[in-house]
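In what follows, structures are represented as structure tokens.
Common to both upcoming complexes is chain A, partnered first by chain B, then by chain C.
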Partner chain A sequence: MAWGGRKFDAIVIGGDHNGLAAAACLGRASLRVLLLEAGDRLGGAAVTAEILPEYEASTMAHLVEALPRRIERHLKLSKHGLRHAARDLPTVALDRDGGHLVLPRNRKDVAALAGTRPADAAAWRVFDARMKAHVALIAPLLFDDTASIQPALRRLVWRAEWRAAGTLADLLHLLPQSIGDLLDAEFEYPLLKGALALDAVLGSVDGPYAPGTMLRYLHRLALRGLGRGYSIPAGGLGAVTDALAAAVAAQRGEIRTGARVSRLLVEGGAIAGVETADGTAIIAPLVVSSLGRRATMLDLLGAAHIETAQVRRLPATAPAGSVAKVNLALDGLPDFRGLSSVLCGARLLIAPSLDDVDRAATLCAQRDIAAEPVMEITIPSIADPALAPAGHHVMSVLLPFMPHDIEGGWPARSEAVLQSVIRTIAQYAPDFADRVIAGDLLTPPDIEAKSGIPGGGLGPAERPCLHAGAARQATPVPGLWLCGPGSHPGDGATGLAGCSAAAAIVAERRAR
Partner chain B sequence: MERHDAIVIGAGLNGLTAAATLARAGLGVLVLDRNAAPGGLSASHEIAPGFRLPRYLLGAGGLPARLVADLDLARHGLRFVRAEGGVTLFPDGRHHAGYRDGAVHRREIARFSRRDADAWTRYRRDMLRAARLLRPRLETAAELPVTRGFKALKARLGLADGLAAMEAGRLRDTLDLWTLSAAEFLDTYFESDIVKVHLAAAAMMGGTLGPLSPGSAGRLLTPWLATGGDAAGGAPDILLPHGGSAALTATLVAVIEAHGGRLRMEAEVTDVAMKDRKARGVILANGEEIAAGAVLSGLDLKRSFLSLFQWKDLPQGLVGRVGRFRMKGATAKINLALDGTPEFPALPEGCPALAGGLRLAGSMDGMQRAFDDWRAHMPPRDPLIEVLIPSLSDATIAPAGCHVLSALVQYVPQTLHDGAWTAERRDALGDLVVARLEAASPGLAGRIVARDVVLAADLENEIGLTAGDIAHGEATLDQMFVNRPLPGTGGYDTPVRNFYVCSPSAHPGPLMPGQAGANAAARVLALHRKRG
Partner chain C sequence: MTPDTLPPPLGEQDAESPLRPEIDPQDERAAVDPSLFEPPAGAPPFERTVLTTSLHAAVAAESRVNRWTRWNGFTVAAWLTDLGDEYRALRGAATLADISPLIKYRIAGRDALAFLDRLVTGEVAPLAVDRAMHVLFCEEQGLVLGDGLLFRLGDEEYRLVTEETHLAWLMDSAIGFRVRVEDVGDTLAAMSLQGPLAAFHLSRAGLAGIERLQPMAGCWAALAGIPVYVSRTGMSGDLGYEIWVDPEEALYVWRHLMQAGAGFGLYPSGVGLRELARLEAGLPRAGRDYLGAFAAIDPVHARTPFELGAERQVALVKPHFNGRAALVRLAAAAPPRRLARLVVDGLEPARFVSVLADGRPVGIVTTTGFSPALGCNLALATLDTGALTARLTVDAEIRDELAVRRVVLPARLVDEPFWAPARRHAVPAPLTA
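This part shows the complex of A and B:
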């Protein structure tokens, strides 16, 4: 009934951002929550760590892409210490010859694009309006916590009715399409196409020409619309974790690290609690797991408690992570050819063309790596100088399409990959190689091991699923809920899956 | 001027099906085709004296059972042979055969995995269920009412309610089938790679997706759409027309002529005659004009619009929309005449599944790699090959003791990244395929009397199929159902009045052979009755 003399209404398994968010939200709803994390630290892929003495960086995830304002406000994260060093970062597609492209966010950016590429700027206006219209249509499907899909679908039809005729038909055509085909039809500018394609597929193993990548892109735009664009929290991503943990504590929730759950206790078909690896049984009528559907259902619950048909619907294998990370300490700001110092702190993309992104994806599927990888770069110490000694900087490079199981093995190849990253960046910033003091590569298996999340949690490894309602969080076992990767409404370090699960739980309790 | 109720352009399988449906309903039909003999893609061809086989396709496809009944083909002498479900031969000499009988088929799977033998029952049930849900939607147009107005809105809301009313698990299954890759989908059932590759290899033939491409799972359904579901618990059976596709073509022609329809061969249509923005008939290459109440095109979408019309006559934007319709050739065909019976020592003596086709495949990754090569416009290094030896079940198409062998080679690009398909490269492809066949059937190379390599470009040149795409347009979800042939259409009407598309460029595409033709004819008949 109790543990350490306390009774709990709910147990959350997994101390990553989703687990923490779920625990904090349940705490807000006056539930007494116990959070159990198997590792010895919290945060999953959202951590800040030293890469060299005095140089700190977000070692895994490095940008807050879409921490919804709703969650920030609801959990009073700013009161718990979350500050943003930079908000609404622009995205810059780097060009080898210095003709960098700022992905348009507003009219001024479009006008700037029109100066050099009038046709593409005109196409962008059309494209942007079309995407916004569709995001507005499907966002309610993605983020509604209602258990039933019917009202959401009906609303979609009604909303489409108010827009131009053919909106619904266009949406049905768009969702299953590949972003590559669409970009080829709409734009000419290789830099623009490369950047948009990378934006759509970053974190997944699907190449830009894979059918259905438009759904990924729209899903991503919708998620982004919930937050305030990209931001860099002061103190790195670890600050988000700390603020969430503080929010849990503020609601008298308890957090235990180093407590591995070995199985779920079931009584009379309903969840009764958990048993930890050291044999302690902890009783609670509600268990929320952020470990992913398969791990929770098969490893913790056990197939005996699930019907065959549902076992079948579990993914056969956890999606393998395909994102690697390079963290570098620099003795000064690299001089990106033609890039203004203001934009140096932006989100920088190296994806020279759609073909480069496509080739990276193809090679990844063949367990290989391109000689010049595509990447997403941030230099967080520009906005947050506390991360590095004065005048020095840290650079954080996210590498998509890195095969989990590389040909020849990671130990043999990681040094070459690190060098190829430095060489590639040096093509844009000639003095770059000399500036590097130290750097290391976290391979996809490293990230998986360190974050404790299958797939690494650095990007949406699974394909997004349009609303299957609360069905994605609820399980066939009463009292067991999911809030991890793959549960509604999908991932990308947002904490949204955790909050959605909590909201669904609260709604169900209220209904009872 | 000569006048008919309806003119069908192209005497391929769909054009003939459409014409037969219209003729049976009493309309005066004229079928025009530029070639000397009917058949189109399924036309037969003599590669050496006495050796006949379908030149462009494997020749396995029949018509859906319902169409055969509707058109009363049996009365005109067409018989079908039921073949077992095909066999896959692996490079290491192992094989996996498909059998109609459930007990036999499960025993076959149990050779690789006992668990998979049980999983087969579930897989089969789920596929039959999905096919049952889908089939009625393929037998009619897939229109989404897009017009403004109360009735259309009500229909759309009804569609939303219909989706919402589906049980959550069922909805998930349906979405999975159309969004997952074949490999992922099969992973949720089976553990043995052999079992998975056997199913995936059959599904990937003729398509433009790899087994690891998202959305390729939907192709696994195709064999189940063709079967009546009476395969006694085993693999779906394959109905082969007795006498090959030539017999099917001949029977359709007989039906058309028996009901007063006419065929004119070597009559190339160069233009659709327009008046007041409506199609009024066709103009032939020799200048002759023939009037008709309805013009049905059995040509692919691009050819239908881009070559039969003056672009200025077409509605604004249509040329661009048609231009964006993706057509990609991915198959080559190798035809062989053999002066003896090919032996396959790795297969059991007299393996009945051989009649349903033999596939030479390796692994999922290997197939995906072949697909990646194709996307990079490289000639295949390790192609996926499907072989049919029609003369095994029909002795009339080859001289006594001799055989014809049809091989469909998957993921052969239409154009190469570094130049043209020269004669040497064509031969190299032929040699590669023969070498693979020789490995499976020692001695086969020495029995070859004649060899014929047909590439995508040949399809385009000889029968006018754009890009040599035998699916008449990529069959991905953004070009299927309501998005086929053009986004938001899903039917057979076109922006040009009285002009209809009855080729697989229209719904349901390559999912059911002949169905597009029958559906288009049904639409024309409905309008004909309405207008009187």
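This part shows the complex of A and C:
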């Protein structure tokens, strides 16, 4: 083989954003890195592909939500070709009668809300300040990398003491609650409640009234605070992957696709390398896996190399993904009733009320789908005209609460689901159905197969936990590290898990 | 109705045997047989019944004193006639006892060897088919969870026989291995034929050539036309065999053996004798002489293999097994405690309370007994390592009718088992006493 006899300092398994980020970060620490991807393309859920010739869209994930600026700068992603076509997208909750609501991001937006809904605007000011205070309090805990929780908790208590006495009590009161109950108590405007609820639970199977969704919401807000709001990269999400891959290549890292790792080689209790499916052994003293902890430890390493007690502590298999994706090619911009053309390029939410979100979640648990699904829509070709021929557009629709094993099976239901999506959007944009040239639906099983990530990797499907600690990246086997889902609180498409794994590895090498 | 009382859904019932679903030998997923936790068909829910072994009818027919005790939930005979008579039969001729309450697991599948290699501290790979070995298994901290006898029945089939249940641990350990772990306690009866005439009785019962069976080996044979698995194993420290058989046919095998041996001193016996014989053989028992790591609430009462004197069963050369990292650390230092065999001279049975060195308590006594053959009190005790060289005494209680006398008796340590005749390893096994 081409790499036979070559020496590598580290092998990264998995070419999704975390694997690429880990490879790039290790490369920057002057390690010779080999990245092995089982599929024939990189990127996991962050890829761009054609719907029709000349119509391109982000196949799966379609917004950069929380790519930390720290990582963008550290890996010099802009030098490697990452451009943002639109930054800090506003979020618009669509209203059937044209009274669309822009989720307030600043004072001007709140003032606009106060014009129509003074009570809700006042409640928003209180709610927003409250959430910001809580996020400021727990974000350091969420992203803390030290193994022990005590110092982080101590700092949290000090910060709470320093700010306001009531914050910590309020936080502890809120955390186990559901976002739905809080929204019901605070707001009246169904559109606002629906949009905030969808924001909190997008990507999970939990309904807005599920206990613990408050933590989900705060976690989301904290993640968003790492980046600079929602952005659309020029060239779709695949551009992020390409930039990361270029960053790896710039550090003389090598990337191989179509190289499935079948098992890890262990010698004397420590990692010695990997063996690929075709039987090639590649030797390296360091292996970083972006697969889940369970898959890495049981399928690649093998239970024979770890203690029963450690197997017991492995997290359960990732929950099945519940997000579907519809990519549509349009022959013109649909006319959303009452929506200014500036806001057309925004992140559009269809979640008319809290009840609609709750019903979607309930139906999903019953392996069914609402007749009018809730959804998140972007039209990336407004900001990035290169995605479609002039005058034409592509639309990207993320559908939460799509059961993985739908009643009757996806092949039988997917056409009806696609039609119900088009019908639902047509209620907001009457000319929409005529504008669709082509479209395809990626079901949750499709997304899982295409991205190679269990659960699909669109949004944090796993329940976030308050403190993860560095213990999640390390493993009991010396030389084996994890950078995949569950190894850092920042699940979503952040690349944080990859970077912090690399940082932990470098710190450990320095300590030796 | 509560879920417990709901009748099983239709289609799940097996037409042929509603109690025991047929076991698919190709199925390699670790699974618990749900019938283990279900009341027998027809029995009202929550009905409390005396749990008996499949040999109960035969044992009850032999009982002259109606002395019963419980063992792993089963009602078994403490002794059947007189402990002294049974003891003399064991050491002078042979005894037959029901040992069905032992916990038995069938471990089978492509990864059975890899699974066991990770599970136990010893080396399993050299174990040949139809051989048995004594194994210990530890948890992460190197504390012993239990011990047992591991039989290799086929290329990919093993049987683990333990004193206590370990199903949860075995199931968790099976994650990631293509192996099936089953509790076969209900589908396998066992009886133990021990004593210097054990081989004689088996050959008289029709197992010609059984004397050539190696110690810790087993073979398939037929007794009274019934297929049985005979292994040269046991807890008596003497020549002895254990017979593993289908529970439905166990009674016939028992009767056949008793009839064949009736005129030659074969005695039925109970668990009281098993305890005494085990003490004479110096074998510690889980739950009595040490607690499994998960059973010990205070970790001080859990033991490492080194504290149990089982260094030879810890193969630190194996690349990985449960508890290896901790055991490598522990092996470097002398264990703080050690299981020891104590002899206290004196012709009366006494109950030991504690072990003293120069008047200072240095350990606890876990099993005591009076050995008629040796004419002394024996004990298994856990002693502080520092006290092993000191002059030891024991605090003892001697009962005189209603009165209790407290005395301090001199004790000494013994390295070898109290009872270890050469015939237990002899091949061919002697056919005469």
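By our rule, the second predicted complex is superposed on the first by the 502 of 512 C-alpha atoms of A that agree within 3 Å, B and C clash if a C-alpha of one lies under 4 Å from a C-alpha of the other, contacts with A are read in each partner's own complex, and residues count from 1 in each chain.
Rule of thumb we're sticking to: a residue touches a chain if its C-beta (ideal position, glycine included) is under 8 Å from a C-beta of that chain, and two chains touch if they have at least 3 such contacts.
Computed from a predicted structure; not experimentally measured.
Novice: Put chain B and chain C onto chain A via the superposition and say whether they clash or fit.
Specialist: The answer is clash.
Novice: Just checking: does A:Ala185 make contact with chain B only, chain C only, both, or neither of them? Give me first, second, both or neither.
Specialist: first
Novice: Between chain B (first) and chain C (second), which, if any, makes contact with A:Gly99: first, second, both or neither?
Specialist: So A:Gly99 meets neither chain B nor chain C here.
Novice: Does the superposition put A:Ala365 against chain B (first), chain C (second), both, or neither?
Specialist: After superposition on chain A, A:Ala365 lies in contact with chain B alone.
Novice: Output check: A:Gly268 vs chain B and chain C. Expected answer is one of first, second, both, neither. What do you get?
Specialist: Only chain C is touched by A:Gly268; chain B is not.
Novice: For A:Leu298, using the defined touch cut-off, is the partner it touches chain B, chain C, both, or neither? Pick first, second, both or neither.
Specialist: Only chain C is touched by A:Leu298; chain B is not.
Novice: Please name the chain, chain B or chain C, that touches the greater number of residues in chain A.
Specialist: The partner that reaches more residues of chain A in the superposed model: B.
Novice: So, does A:Pro176 touch the first partner chain B, the second partner chain C, both, or neither?
Specialist: It touches chain B, and chain C stays clear.
Novice: Could you tell me which of 91-99, 271-279 or 469-477 in chain B overlaps chain C after superposing the two complexes on chain A?
Specialist: Among 91-99, 271-279 or 469-477, the clash with chain C belongs to 91-99.
Novice: Going by the contact definition given at the top, which residues of chain A touch chain B in one complex and chain C in the other?
Specialist: 308-310, 312
Novice: Which residues of chain C touch chain A once you look at their complex with the stated criterion?
Specialist: 114-115, 117-119, 139-140, 169, 172-173, 175-177, 319-320, 322-323
Novice: Residues of chain A touching chain B in their complex?
Specialist: 148-150, 153-154, 156-158, 160-161, 165-166, 168-170, 172-178, 181, 185, 206, 209-212, 308-310, 312-317, 362, 365-366, 463, 465-466, 468-469, 471
Novice: Would you mind writing out the residues of chain B in touch with chain A in their complex?
Specialist: Within the complex, chain B contacts chain A at residues 122, 144, 146-148, 153, 156-157, 159-161, 163-165, 168-169, 171-173, 175-176, 178-179, 184, 187-189, 209, 212-215, 324, 326, 365, 368-369, 372, 375-376, 476-478, 482-483, 487-488.
Novice: Considering the complex alone, what residue numbers of chain A touch chain C?
Specialist: It is residues 266, 268-269, 298, 302-312 of chain A that touch chain C.
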